[in-house]
């Protein structure tokens, strides 16, 4: 018997709950470090990004109005589905250059991080909101709200855990996201999109693009309908570009400079706070 | 045309009203503007005695004072009226003959209003017959708080009918209405039913006239005027004994209702000891020296 | 209604006998008053009569450098090492001294900035003292502010403040910075430097260690030198969105922390079931407080159609009772416009509004001949596409639109690049919660407007800024969490 011809996967973008190819028709040839496999990855364009922002904006109000309980359940669901797809991520992570042991650890951490943030869904507002004792007959309270649409540049050096660590605090807080996957390790970001797609996450809440950071960074940080931009990396010029572009519409730049995402310190409610706004409401107390 | 529905349904926010009052009361009234205000206040006073122990002698003393309190300063205006219980109307009427000072009488089972409508109307008829120029009635607060607005309104209308040309002041007894929302509703109800004046209190219930209550009533008067073109008068009563407070109320009138209401035809103070304090203040303005109550007669 | 009464209030000027304004003020660097290196001065005037009040030293780049160096030295050697409770005690001292000299501060604030004494006396100065008092207490309690984390100060804070609430903004900036262990170089606004210099006197009197607070006056260039200085670790800015964006660009890539309190164009929404007379008062406070020189002013009024006519007529009546004039008169409601430049800008917008077809109403007050004045104004017959509806005027000019449904008004309220504040007036509790959630803004005043308190966080969404000042949230910009 001859060797079976295996069915190769096409790695596409994830926009508005669908898996389109890039509108530009361009692709990047991606080869693993051992040069055993060659994959065509979509080279997402600024128009793909634009479409993703439209989808994210459309989904924003519905997602932020979901109950915290529901968002927590959905994040937990992502963790569940991820657990069930361990094998596929093992393959992709090792293909991307991790050892088996490293891959296993990364998958474990990714799942645990999702569960961790799922648990924060109905707590961070409690912990970080308050009643302010103003010196007037008013009831005054402050609580957190999602900032809106968040564009994120995922870390390049750690793909699955990086994607999870960046996305989870954004979406658990009611934001919608457009994430640019790791350029050097794009495979599991798209497979992670499939996980999200099957986890009751509404269309448009998470959008994932692959492509070239050097090309897309400018657009991610300059789009006027994006409320915050999360950057993971260590390139001073890129950081300056992101921060400078943020000035166009006063978007909130969040910079994670050369962080070790497998460190437990890289999870926590303060990461959720990075893409939250504090709203304060006053009301008189009388009869 | 009567007040429309939205005038009744408009609500009132207590804290904001208090803030508005504080702002109005922070006006600084000095020099000529103060003297002018004090003079005006004097002309707006309903000098009042409403006690169970009132006697003809006491009423005569009060009337004498009303007629002569400006002896020291002949240019000062006279008070607007003397306000007494029904049996004292003839006494006051006689004592105030040819002074230009009006006689007002409370009626309708003052202060509680707890009597039959027939008895109330009889009482009104009696005081009108005795020559009272003005009648101060009380509304049925029990009925009002039960939501029987129609009944309260009808009572006022009947009293007004009985009064004919005699001026009717309707006492809301705001201290028993509790909320400012109620004060507004009662004000509009009274104006709709024929009140010539609306008045805060009998003076027998605490709190009597409070600044927020007065402001709400003035605003209701303004809205009623804008709706109907009818100018209704206002009378805060009870607890107004200091000239300073009276000046502050005048500021409130000025900035809520404007020029037309700054006269005794449309604004009165129901008070027993205010006149003395106003006189003291006026004396201080003339002499430049702070005064003592010892120099002002008690009546 | 006839509000032209025979009974007019006599002038009631606040006494200014006890107020000392020097002919000349120098820079406050390292605990001392020193002239600028160039010996340059600019004058500050009283906008109510255009009279000169004082000469103020203009800080050059070198001066800013000196101030930053003093701040850095004080940070490293003293302030960051001091026992937090001792730090707190210094800040309490500042609060107390402001309270003691409150009336003097109020008079100077009104002289230099044009705001009515009623506001400087009842709002600006007491709130400034309260801010110091509030944050003083935080100094030794920071471990309770951020669960699970410890705090470290950031270093030297460069703070640039506007001219609309000079002392209050200085307090908003200084108090949390000092409480968290940072040292400061503060740049007051060019047109209103005096109360900051008075504050410098207090800081000396408090024996605050030299260099912990430095105050450099000047215009945009002084501010820019401060923003660009490499030893400044954090920028706090309150002012225009335009300058805020410039600052963001300038500090991009430097690693400096920053907070920005920028412009606004707040919607103030009146529903038919609102307490209308109080809502009218809220509209007045919303747009005419401080001559409308307020970033969170309720400059876009939305009134439900069924009550629009009533509300607008009540509003016009109320405007007729506003007293415009001498800022030092205790009865003045609306004082002088802060500067000629600002007056020109307001007039330009009023012009544009009329050219674009808006119908203007102005109260029939008499404006003084000398100085910078503008009558309280409102526009009807305007829509979202009018410039007076879109752009921040920063003056006593209100743009009124009516609406029919809740969805419509929410959409219009959010149809702006700004998101600093919003107002909702209705008697229905559930509607208040729905609206306050739906409006994308940092502060929602429900059945009230323009209220401030040190314990209450303040700051904007979208182009209205970044970060919060006031309250526990106000500590965050001045600490690193570790």
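For reference, chains read A, B and C in written order, and residue numbers begin at 1 within each chain.
The criterion applied here is as follows: a contact is a pair of C-beta atoms (placed from the backbone, for glycine too) under 8 Å apart; a residue touches a chain by one contact, two chains touch by 3 or more.
Because the structure is predicted, anything quoted here is derived from the model rather than measured.
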What is the set of chains touching both chain A and chain B? C
Most contact pairs found between chains A-C
Chain located farthest away, centre of chain B as origin (C-alpha): A
CA centre of chain A versus CA centre of chain B: separation in Å? 70
Please work out the Cα centroid separation of chain B and chain C, and write it as a whole number of Å. 44
Compute the distance, rounded to whole Å, between the mean C-alpha positions of chain A and chain C. 37
Residue ranges of chain B touching at least 2 other chains are 13, 15-16
Overlap residues in chain C, where contacts from two or more other chains coincide: 447-448
Out of chain A, which residues touch more than one other chain, so two or more? 138, 284
Sort out for me which residues of chain A touch chain C in the complex. 127, 130, 132-136, 138, 140, 142, 145, 147-148, 227, 236-237, 239-244, 246-250, 252, 268-270, 277-284
Along chain A, where are the residues that touch chain B in the complex? 137-138, 284-287
Within the complex, chain B is touched by chain C residues 1-10, 12, 118, 122, 273-278, 281-282, 307, 310, 313, 321, 330-331, 427, 447-448
Could you please specify the touching residues of chain B with respect to chain C in the complex? 6, 9-13, 15-17, 19-20, 26-34, 36-37, 40, 219, 222, 225-226, 250, 254-255, 257-260, 262
Chain A contact footprint on chain B (complex, rising order): 13-16, 18, 178-180
